[in-house]
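Let me begin by handing over the structure; questions about it come next.
Chain naming follows the written order as A, B, C and D, and within any one chain the residues start at number 1.
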């Protein structure tokens, strides 16, 4: 694992670790540029840019390619949202090796059955896997990981599926015992009360993680107060891109020219910089200098 | 070739065909939704989302995957920007078969040497291939295509490289004679004069195509007047996504919560609709109904 | 669907359709060259060349890439072994579209639970999916297919899992009713008795398919007599390649030179022919001729 | 770089390093099993299994996928045959990062122009790149590599292209000076004389590498005597697989049953072992044991 990609060090050194979702290397790079601590390679957003439902339609290969391209582009850690682990404990074992080898900092798996549906979909299918079968996946993930710094996040869907707080806590303790490094407690309530009830009750030592998509008005301060150690803004980048594209295209459709739209878009040069086009020019100069020293250019 | 994906029919039926650039299936789908005639799968934008320079760094495989994912998602035609054709005439032959098989409506190749650099980069490398070698590529492309409706666009870089109008016209005639269906005349001037000089002089029968990135203030009306039959807005979607993401992330960095940013982003539900999550629910119902008729559900 | 790739026409025109397994484009091309009627892109063999277990470890993407590369290389139909369908009815729906679009002639799905293990593994996991859930997959496959000629094969694992002949027949009728075009009845017995018992009892109109891996001594004549319409030799090519490689490498390890091994291997020229290297040379000549006519070569 | 994957250590510790070609993970694993020192992921063989010419038709992505799958499967080093480097110095720079990150031990690039044709093809195109431009690629490769153990092999095609021994030596010295770790001197003669003339004249310190495809009768002893430090048997595995498949399929075509062919093929069980199917069973037992300790199984 390259330096600076260690999530547990980040957790120890900060009041809260701020993670932002991305769906391709450009969005990941922009997340890094704006000082977030880590990138979330989320399956909802990655499915969306492929124009397919967030319902286990893309395969592990496609999610993996997206996450590893981000990990290749970024210095900060990339956390891969691996849904249910794409099968059983044996699949999780292979998956962890693959992701760790690619320089991804950690993975998150959730305790729903495969194929899953997005947790926030109205009337979506949120059937839970048995605690035993999910514990088996965590055990396998732990056996497969080679570097202790590789982080395994267990996502508890008990509150989403409606089996209650007690069960949520029971499962979280079980997942920690099986070797989960972090516990992600998910909720689709529009306020953070049930999240705080969970975190206030939590006596485990695994740090807690949340994704405040529906309870977006929660303050970072409150999360810190309630012992949350990591917050993931999972889908805002995707949603703002969708919004901006929709607005632009609506204007473009009716525009006779692009003059009035220029101030809504980055310049070609901004993108060249992001792409490191100018690095190519300086690398070319560097090679030229060396060729000159070797006598090939006079 | 599926119905409605025929570019030459479009050209015959409209004063000008309006094409908008996209870089993934979501942006392509939004281009379609906003009534553009076709999608441009451009190498600049696709390189950008992979965070690599637009300099033949991504391989044909990666550009192809992007374009074919768009073609799979869209009803309207997808035109693939194939840079220099990724090699010589033999490579172009294999390329055309691969792209046509994937349901892509047409390809565009340009008469620069491989590896190329973006035409709009200051001090970029814009070395031209010999006319003969580029004609060989067009001949090969023509031999490879199976359906007459598959469209081959030859992009003339003579004005970009600075060899002048006469050469630009000479090459355009040569490419048409070799079998190019459309001629894309490219310019990096900030006004459309040289484009119009070209199009006013053009006596060929192949329709003309332009990409007004630098001369963005040109009106569609003027393009039509000057016999341009297709306009490609190649990179606006990418640039607006980059702009919107940068702005959002700057705000998110300092925000205590996400409340004030909600009005800048689409809702989860907007994305679910794009992803056709609700189609899954109705398909599930449909299968359920059939299972009921077969007696599996009472 | 290209001509000559229609499996049901083949079935109607021959006493028995002979299908041979392949695992890459070269082995598929050799299967075609040796007059088999179709290619079986089997998951056991494709897993083996990736050096992973035949246990749903490779993803649909990897199996799809293998099968579509074969379909691209061959004139004869390619049948893709799709294991359990990589998920539920929704996944099968997406899968069928993807495979049909790629020019694959048909798919085979089996009624085990996901992730599966190879049916012939001693003490392997052969848990069956409920009849209802597998019927749902066949219904979804049928809705997804666009061309009637695309063939859906339902593989009955009842005899493998040990639930008996009656259940095997009951499930086969149910799968036919749900829309399966062919019924593959699988067995791991070393003689064909249970297969013949099944086929002799079968009153359905869907033709029957078998894979005689364990009962390899069965004669084609007997299969025809017992109303089997398609025989798949699924893994012989893989196993002979493994055998030949092992033997060669054992010899190479101890050899001082390669002289004595030359007669065990094809020549470079044989491979050039397979690769169509000489077609490139003749295509180059053809382009040269055209360039001459156009005046580029004197 | 994982332990045991260091090619220069191998070269220092052995009279000659024996490398054998492979084209997929199974053949690579068998090369390893039979005690070769390293695997050669050769473009001729990888092109062949994709049924395309060895003429830069497959992209870097496809060659990379093949080589990285082998590297993932093997403990011994994998050397990737990277043809001409898929572009210019800038492409080579990106390529080296990608290959090194994937755990590949080294790459080989040759001094022909892109796109290349196989060096052994009769009347093939063997045009050489200028010394200067190839030196630029080696300089870029060297700048891109992060770990000193990553090995850059420069392949000299001067003897193949017919520009003579003096030029071959001149280029080899230039490539060494630019940073090549090993010099591969290639020949298509049927005897090793010109290779030995080269190696006997060589005063450089970079070790020499050969691929005795055409002069296959050369003894390993002779190679050692003539200061060759690495021998690559590049295509024997591919050619024996092609030979064995052709022979088997010829027999299968006419066979009434498979009984007589069983002794030419490995058993299902041999393949299960290669695939580590039994490891899955023991891993499942291990997880079961842990679940028992945790009280989930009684």
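The working rule: contacts are C-beta pairs under 8 Å (C-beta built on N, C-alpha and C of every residue); 3 or more make two chains touch, one makes a residue touch a chain.
Since the model is a prediction, treat every value here as computed from it, not as a measurement.
Asker: Which neighbours does chain C have in common with chain D?
Answerer: A, B
Asker: Which chain pair is joined by more contacting C-beta pairs, B-D or A-B?
Answerer: A-B
Asker: At what distance in angstrom does the C-alpha mean of chain D lie from that of chain B?
Answerer: Each chain's C-alpha centroid was found; their separation is 37 Å.
Asker: When the C-alpha atoms of chain A and chain B are each averaged to a single point, how far apart are the two points in Å?
Answerer: 30
Asker: For chain D, what residues touch not just one other chain but two or more?
Answerer: 52-53, 55, 90, 280
Asker: Could you please specify the touching residues of chain A with respect to chain B in the complex?
Answerer: The touching residues are 20, 24-31, 33-36, 44, 47-55, 69, 73, 117-118, 120-121, 123-124, 212-213, 216-221, 233, 235-246, 248-250, 252-253, 256-259, 261-262, 264-268, 270-272, 274-277, 279-281.
Asker: Contact residues on chain B for chain C in the complex?
Answerer: 72, 89-90, 93, 101, 103, 131-132, 135-136, 139-140, 143, 174, 177-178, 280, 283-284, 286-287, 290-291, 294, 296-297
Asker: Mind pulling up the chain D residues that touch chain B in the complex?
Answerer: 52-53, 55-57, 59-62, 86-88, 90-91, 94, 114-115
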